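First chain written, first letter: the chains are A, B, C, D, E and F, and each begins at residue 1.
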Amino acid sequence: MKTGKPEEIKMSRREEFEEERARPNALVFQEADLPIQQFFALDSQVYEDGALSRKTKELLGLVASLALRGDFIAYHLIQAREQGVTKAEAVGLVVGGSIVIPPLSWAFLRASELWG
Amino acid sequence: MKTGKPEEIKMSRREEFEEERARPNALVFQEADLPIQQFFALDSQVYEDGALSRKTKELLGLVASLALRGDFIAYHLIQAREQGVTKAEAVGLVVGGSIVIPPLSWAFLRASELWG
Amino acid sequence: MKTGKPEEIKMSRREEFEEERARPNALVFQEADLPIQQFFALDSQVYEDGALSRKTKELLGLVASLALRGDFIAYHLIQAREQGVTKAEAVGLVVGGSIVIPPLSWAFLRASELWG
Amino acid sequence: MKTGKPEEIKMSRREEFEEERARPNALVFQEADLPIQQFFALDSQVYEDGALSRKTKELLGLVASLALRGDFIAYHLIQAREQGVTKAEAVGLVVGGSIVIPPLSWAFLRASELWG
Amino acid sequence: MKTGKPEEIKMSRREEFEEERARPNALVFQEADLPIQQFFALDSQVYEDGALSRKTKELLGLVASLALRGDFIAYHLIQAREQGVTKAEAVGLVVGGSIVIPPLSWAFLRASELWG
Amino acid sequence: MKTGKPEEIKMSRREEFEEERARPNALVFQEADLPIQQFFALDSQVYEDGALSRKTKELLGLVASLALRGDFIAYHLIQAREQGVTKAEAVGLVVGGSIVIPPLSWAFLRASELWG
């Protein structure tokens, strides 16, 4: 939560990136009715460690997001790299086709800015 | 139509929102050939009162748009609310899956800005 | 549940239709792990009466299924008609385009066979 | 229209193929309300000769159908070949990705059966 | 390759399943021109061991196929299980939504028949 | 390549448009591993003159991109017009449905800005 202290004023690009994703989600979570809240809960839970590790599940989320050309490919890309896994993108590209190139490219660009 | 009078210069955010949607549509309608114009006409007509009320049809348009992650979810959300109906989003989210969360969330954010 | 009594041997076409849908779902529900079971529960719950009537929600499910060309369009079509609502298909067709014609047509054919 | 004369009884495989597509379409056309009928009319009209030849439009229809993995890829494949054009499939496959391989392969199989 | 010897006449269900997938692919591979053949080669290569194991890549293929509701989900399911991995389906279902339930359920049914 | 000479500083809008597309692609091409690079090569090659002219293939690319609502519709629209072909959009719109209207409209707007 923001307290308005000066040191909070200037967010790093990475924080901006996180917030860009988190803020609208928080809004819909708060305003929406029960089934939507349950869906959000399920969406978090499904990536937790279980029969498959969180690491592997991040890759699955990345590839599913690529194949469907979702809005958070850059987010999944960064999550996967922070879990120490890379190079899953080729599967998503080959399954999904050249229509996947633009969102994949932009995600690379975005991710390179944030790691830069 | 704009006449250039001063009071028209400053559009409200809501008017900007409408224009953002209407302007490119007008362009394609004007430049495109007959089948595209007929498609646009059919697209308006299908939401008119008939065997189903316009109210219900707005909901159908919202859910179809959510499921396909179209570009005008915020528009459909606002239309549906102005018709007095809300809370249809959960169906679109459950049918379409978590890939629908980002466009749904952004639509909530946009709509909340426009309603103040 | 089947008891093997003779009167159960010959299913009506309508029962076959229901079973064709229910049997694989039961299998995945039984074999799958917790998140999948929770998803199935959420999927049932979202069509229950609430802010919107079950009747309206059946239409929303039908149109979302049409727009995404799901496998159970005939099922949704029959559900909607049994709820006393019809004529939502045009929205799904116009939003989803001519690629929706084959699954819509087959759903009509299937539904007409089941209603006699 | 069928008159029941003996020579009509045994349809060639090609006629069966045509009928498999035409019969459900006729049903939906007949039962559906106005916007759906208008959509069907527009769907026929858009492939007629115009600024682009029917030949080219058949290719466009084939590639769009491939990219979306529609149900009538074999039909479009045969139409295109009868118009004397072939070899458009590669674009649809590369744009749409490996998920397009199964429907493309089945369409080849079906088409090869019908051409003998 | 088939030699026509009697012992080849009766295929197991598993062989039928493999053939159902392999035969149309072989046809398109043989008739198609170079870019399609290159695409097929790339599609095989992308699942080979590399920065990620073949095991993990089978999961990625399964989830991408689920999210896009491809035709070979049962095939990917069986491949993944033979690689010793299971339980990835929940990610594909949650990302892709309830529209994924029918193809997922049918894949479970098919796979259960083939495993006895 | 940029040499920093003054005349290079101010890019035309058309050059900006080209760069907006080319820069992220170059990044992914450079960082990605072999299968992705091969995919990019195949994606270029498939539009080259062959059994079908480059002209026709640009149209196929445009329509496939429209049907899937890809990110580079404006790019394909401009490519097609520079090849001297227009008026393919109606097929993409009718196959893909009204969900295609926003990306098509924005592509028209973008293209009209770039042609002045």
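Brief remarks follow.
We take it that a contact is a pair of C-beta atoms (placed from the backbone, for glycine too) under 8 Å apart; a residue touches a chain by one contact, two chains touch by 3 or more.
Computed from a predicted structure; not experimentally measured.
Taking the definition of touch as given, a chain qualifies here only if it contacts subunit A and subunit D alike; those chains are B, C, E, F. When each chain is reduced to the average of its Cα atoms, F sits farthest from subunit C.
Interface comparison, B-E versus B-D: the higher number of contacting C-beta pairs is recorded for B-E. Two copies of one chain, subunit C and subunit F, touch each other, and the residues they use overlap strongly: the shared fraction of interface numbers exceeds half.
Work out the mean CA point of subunit E and of subunit F, and you get 32 Å between them. Each chain gets one centre point, the mean of its Cα atoms, and the points for subunit A and subunit E are 27 Å apart. Counting partners per residue, subunit F has 33, 35, 39, 42-43, 46, 50-51, 64-65, 67-68, 70, 87, 90, 93-96, 98-99 as the residues that reach two or more other chains. Within the complex formed with subunit C, the subunit A residues making contact are 33, 35, 38-39, 42, 45-46, 50-51.
Across the complex, subunit E is touched by residues 42-43, 46-47, 50-52, 56-57, 59-61, 63-68, 70, 85-88, 90-92, 94-96 of subunit A.
Residues 87, 89-90, 93-94, 98-99, 101-106, 108-109, 112 of subunit A are the ones that touch subunit F when the two sit in their complex.
Those residues of subunit B lying in contact with subunit E across their complex are 67, 93-100. Subunit A makes touch with subunit B in their complex at residues 21, 23-25, 27-28, 31-33, 35-36, 39-40, 43, 64-65, 68, 70-72.
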